[in-house]
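What follows is a pair of complexes built around chain A, which joins chain B in one and chain C in the other.
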Partner chain A sequence: MIKIIVDCFGGDHSPQANVQGALAALVQFPDLHLILSGDEEAIKAQLAGNEYDASRIDILHAPQVIGCDERPTDVIRLKRESSMIKAIRLLRDDDSVAAMVSTGSTGALVAAALTRIGRLRGIIRPAFCPILPTMSGGIVGVCDSGANVEVTADHLRQFAIMSSLYMENVYGIYKPRVALLNVGKEPEKGDELRQTAYRLLGETPEINFVGNMESRDLLSGNYDVVVADGFSGNVLVKSTEGAALELLGKLKKDIYSKFIYKVGAALMAKMFKEEKEFMNYQNYGGSVLLGTSKVIVKGHGSSKAVSVQKCIEQAYKMQLSELGAKTEEVICRYEHYEL
Partner chain B sequence: MIKIIVDCFGGDHSPQANVQGALAALVQFPDLHLILSGDEEAIKAQLAGNEYDASRIDILHAPQVIGCDERPTDVIRLKRESSMIKAIRLLRDDDSVAAMVSTGSTGALVAAALTRIGRLRGIIRPAFCPILPTMSGGIVGVCDSGANVEVTADHLRQFAIMSSLYMENVYGIYKPRVALLNVGKEPEKGDELRQTAYRLLGETPEINFVGNMESRDLLSGNYDVVVADGFSGNVLVKSTEGAALELLGKLKKDIYSKFIYKVGAALMAKMFKEEKEFMNYQNYGGSVLLGTSKVIVKGHGSSKAVSVQKCIEQAYKMQLSELGAKTEEVICRYEHYEL
Partner chain C sequence: MFEEVKAILAKQLRRDPSQITLQSDIKKDLGADSLDILQLLMRMEDDYGIVIPDQELAGFKTVGDVVAFLDKQPKQ
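Take a look at the complex of A and B:
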C-alpha cells in the first residue's frame, strides 16, 4: 500500500478539483491510500454523493487558509494549521506516508519542504522538473525550472542525474537523452558555468549526455530532459507554454473574424480540439520536486481534477519505483557520502 | 545622404538575397547610398539585369570567404580580406559611412565590432535587440538576446536605456514600456542581480519602467521592450520563436492527416497564410547591435531579400534619428562621462 497526502486547498479550483482528482486516483490504483488535508467540513461536502472505499481515505483537518500574497516564510511561521503545513508535518513525522501533492503556493511549498522534509543523502539542492509535450508525440522534462535561481556546475550535474532517473523510472524512457540548455550547440558556448557543466556531464557515465540544446529545439523530440539553472529553465518552460497558448488564442480569434473561416474551422473542429488537449498542461501532471527525502509533487495553481489525478499518479510512480533510493545511490558516488 | 555597407556574403541565401534586398532599399529611400562588400564578379552578376541608379551603389571587393565553423577570433585574424572584415574596416575608417548590415557569423561580427568599431561613449557593453510580433498586432524588443551571457545590474540599466531609445526613435513608440525579465512579477523575485536591477530601473526617469515580466507574457502586447541578461534573453527569444514554429508545423502536418481537415484548411488558406507571414521573422528585420559607435545590424543567417531590406531600413532609421548621439546623452548622465 502506498499512502499519499493530498493538500486539498490553495488551488484555483480547490477543494473540488483536488477531492475529485483524489477519488479518480483511488480508482486508478487499488493499493493507494489517501489522506486529504484541509477543512474537514468542506472536504466531506465534496466527498458526499461519490462512491468510494471510505477505508482508503482519511481526512487531516486543517482550518487555516493561506492567502495568495503571503510570503513563504510567513506561511511556515504563522500558518501552522493550514492544509499545506499540516500535510508537510505529517509527511515528516509519519513513516507510513510516502508522498504529498499540493496545488498551493510554490514558494511556501519549497520553503516548507526544504526546512521540514530535508533532502536525499548527497543532494545539495532539490529542483523542479515539469514535463512538456513534444511535437513528435513524446514528452520532455526541464530540470530545474525555478527552485534555484543561482547554481553551480555541480548542482547542474545533480539535476541531470535526478531528472534522468526520474524520466527513466516514472516514464519508462530507456537511457533518457540529457541535454544542457545553452545559447549554442558547441561545447565552448555560454559562460564558464555552462562550459564546466558541459565537461562534468560528459564525465558522468550514469547519464546519456547528448550535448548542448538551444531553446528553440525544446519541443523537437530530440531530447528527453534538459538541464538548466532555475532562472533560464523557468524562462524556457514559461515562454514555450506562453507562445503556444498565445498562438492558439490568436488562431481562435482570427477564425471568428470571417464567416468562411468559421466554416473551415467547423470541419476541423476535432483537430483543433485535439491540438488544444495536446497543449493543455493539465494532462501532463505537475512539477515534481526532485531531491527531497520524501516525494513532493506541485500541481499548477489552476489544476483541475484530471491534473490533480496526474500529480497523484506521478507521486505514486516515484514511490513505487523507489526513485529516492536509486537517486541516492548514484549521487553518493559523486558526493562522497556513505550510504 | 546616408551611406550604408551591406556585407553580401555569409548568409544562407547570399549573395542573391543581400543584393536584391539592397536594390529594394535603394528604391525605398531616395537619399540612401549603398556599398556592397564581397566578391565583385558575383555581386555584379546579381546586379545584372536589374534597373537601378548605378551612382548610388559602390562595390567593395573582398575575395575571402568565411566558413560556417570558423572561430570568431580566427575570422578577425585570418580573414582580413573577407566581405565582413573589409566592411568593418571601411566602417571604422570612412567617416562618411554610417552603418553596416550583415547576415554572416554572429560571433565574428560581435568580435569584429567590439575590437574594430568600439562603443558609444559611456557604454560598457553593446547588446543585441531583436524584435518579435505580439499577439495584439504590435512588436516587442528583447535586449540583450545573446551578446553578453554574464552581466551586472549596471549593464542591465544600460540595455534598458539603449533599447528604450531604439524603440522610440526607430519604431515611433511613445514612452516605451520597459520590463525586466524575471521569474515572477514581485520586486523581490529572482536573484540579487534581478533585485538590484529592479531598483536601478525604477530610479531611472529616462525610461518608463513597468516592472518585472514573466516570460509567458512576452507576446501579450503589454510590453514594448524587455531587458535581460544575454543568456536568458536568448532563451526567451529562441524558445518563443521555436514553440510558435513547432506548433504551426504540427498544425500543418495534422491538416494533411484527414481529407476533411484539408477541405477545412482550404477554406482557411488565406488566414493560415497570414498567420505564417505574421510569425515569419523575415518580416521584422534583424537584431540590431545597440551601443557601438557606428550602427551595426545583424540579419538572420537565413535572411531572404525582404529581411535584408528590413535590416537596411533599421540601420537607415537608426542613423537618421541620430540614435547614437541621443543614447550617449542619456548614458553619460549615469556613467560620469564628459560629452
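Take a look at the complex of A and C:
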C-alpha cells in the first residue's frame, strides 16, 4: 500500500481537477491510498456521484487556501490551516505517508518543503525536474528549473546525479544521457561555473555525461537530462513551451486564412490531433522536487484531472522505485566535496 | 524542553542523541546548515503554535539558545 496526500486546492481547476485526478489514479493503482487535503465539504461535493472505494480515501480538512500572489515565506508560517501546509505537515509527521502532490503556489511549496520536509542525506539543495516531450518521441528532463537561482558546480553535479537516477528509475531510461546547459558545445564555453561543472560532470562515473548542450537542442532527442541553474533552466523550459505554443497558434491562424489550406488541414486532421496530444503538457504530469526526504510533485497551476493523475503516477513510481534511498547512496560519496 | 529539542535534532540531523548538549553549536558541532536550522525552527513553530520573530531567527547558535527561547514562550 502506497499512501499519497493530494493538496486539492490552489490550482486553476481546483478542487474538481484534483479530486477527479485522484479518483482516476485510484483505479490505475489498486494498492494506492489517497488523502485529500482541503475544505471537507467542497471535496465531498466533488466526490459525490462517483463510484470509488471509500476505504482508500481519507479527507484532511483544511479550511484555508494559499493564493499564488501571497508571499511564500509569510504564508508557510501563518497559513497553517491551509490545504498545502496541513498536507505537508502530515507528510512530515506520518511515516506511513510517502508522497505529496500539489497544484498550488510553487514558491510556497518549495519554501514549505525545504523548511518542513528536509533533504535527503548529503543533498545541499533540492531541485525541480520537469519533463518535456522531444521530437524523437521520447522525453527530456530539465534539472533545475527554478528552485535554485544561484548554484555552485557541486550543486550542478548533485542535480545531474539526482535527475539521472530519476530518469532511469522512474522512466526506465538506461544510462540517461546527461548534458550541461551552456552557450556552446565546446568544453571551454561559458563562464567559470559552467567550465568547472563540465569538468566535475566528466569526473562523475555514476552519470553518462555527454557534454554541453545549447538551448536550441533541448527537444532534439539527443539528451535525456539537461542540468542547469534554476534561473537558466526556468527560462529554457518556459521559452521552449512559449515558442511551441506560438508556433502552433500561428499555424492554426494561417490554416484558417485560406480555403485551400483548410482543405489540406482537414486531410491531415488526424496527424494534427496526434501532434497536439503529443505536445500537450497535461499528459506529462508535473515537476518533481528531487532531493527532499519525501516525494513531492508539483503539478502545473492549470492542471486538469489527467495531469493530476499523472502527477500521482509520478509520485507513486518514485516511491515504488525507492529513488530516495538510491539517490542518498550515490550522493553521499560526494557529500564532503566543495567547489 | 531540552529533551524535546534534542530528539528533534537527533532525528533531523541523524545524530546520536548523546552527542547533543545544551552547549552544542548547531552548525559547527552538529553539522547543520541554515536550511536545517530553519527546518528545526519551523518544527518548533508548528509544535508550539508560535511564530518566531524574523529578528530572532538568525540569533540561534547553540541548542541552549533554542531551548531558552522556547522556555520563555507561553504554554499553548
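Operating definition for what follows: the second predicted complex is superposed on the first by the 335 of 339 C-alpha atoms of A that agree within 3 Å, B and C clash if a C-alpha of one lies under 4 Å from a C-alpha of the other, contacts with A are read in each partner's own complex, and residues count from 1 in each chain.
We adopt the following convention: a contact is a pair of C-beta atoms (placed from the backbone, for glycine too) under 8 Å apart; a residue touches a chain by one contact, two chains touch by 3 or more.
A quick note: this is a predicted structure, and the numbers were derived from the prediction, not measured.
Looking at the shared chain after the overlay, A:89 reaches chain C, while chain B stays out of its contact range.
In the overlay built on the shared chain, the residue A:118 is in contact with chain C alone; chain B does not reach it. The partner that reaches more residues of chain A, of the two candidates chain B and chain C, is B.
By the touch criterion defined above, A:248 lies against chain B but remains apart from chain C after alignment on the C-alpha atoms of chain A.
Legend: residue contacts after superposition of the two complexes on their common chain; A:13 is shown touching neither chain B nor chain C. Touch criterion met: A:77 reaches chain C, while chain B stays clear of it.
Those residues of chain B lying in contact with chain A across their complex are 135, 146, 149-150, 181, 183, 190-191, 194, 214-220, 230-232, 234-236, 238-251, 254-255, 257-258, 260-261, 263-268, 271, 274-275, 278-279.
Residue ranges on chain C touching chain A, taken from their complex, read 12, 14, 33, 35-36, 38-39, 42-43, 45-46, 51.
The touching residues of chain A, when paired with chain C in their complex, are 76-78, 80, 89, 114-116, 118-119, 121, 124.
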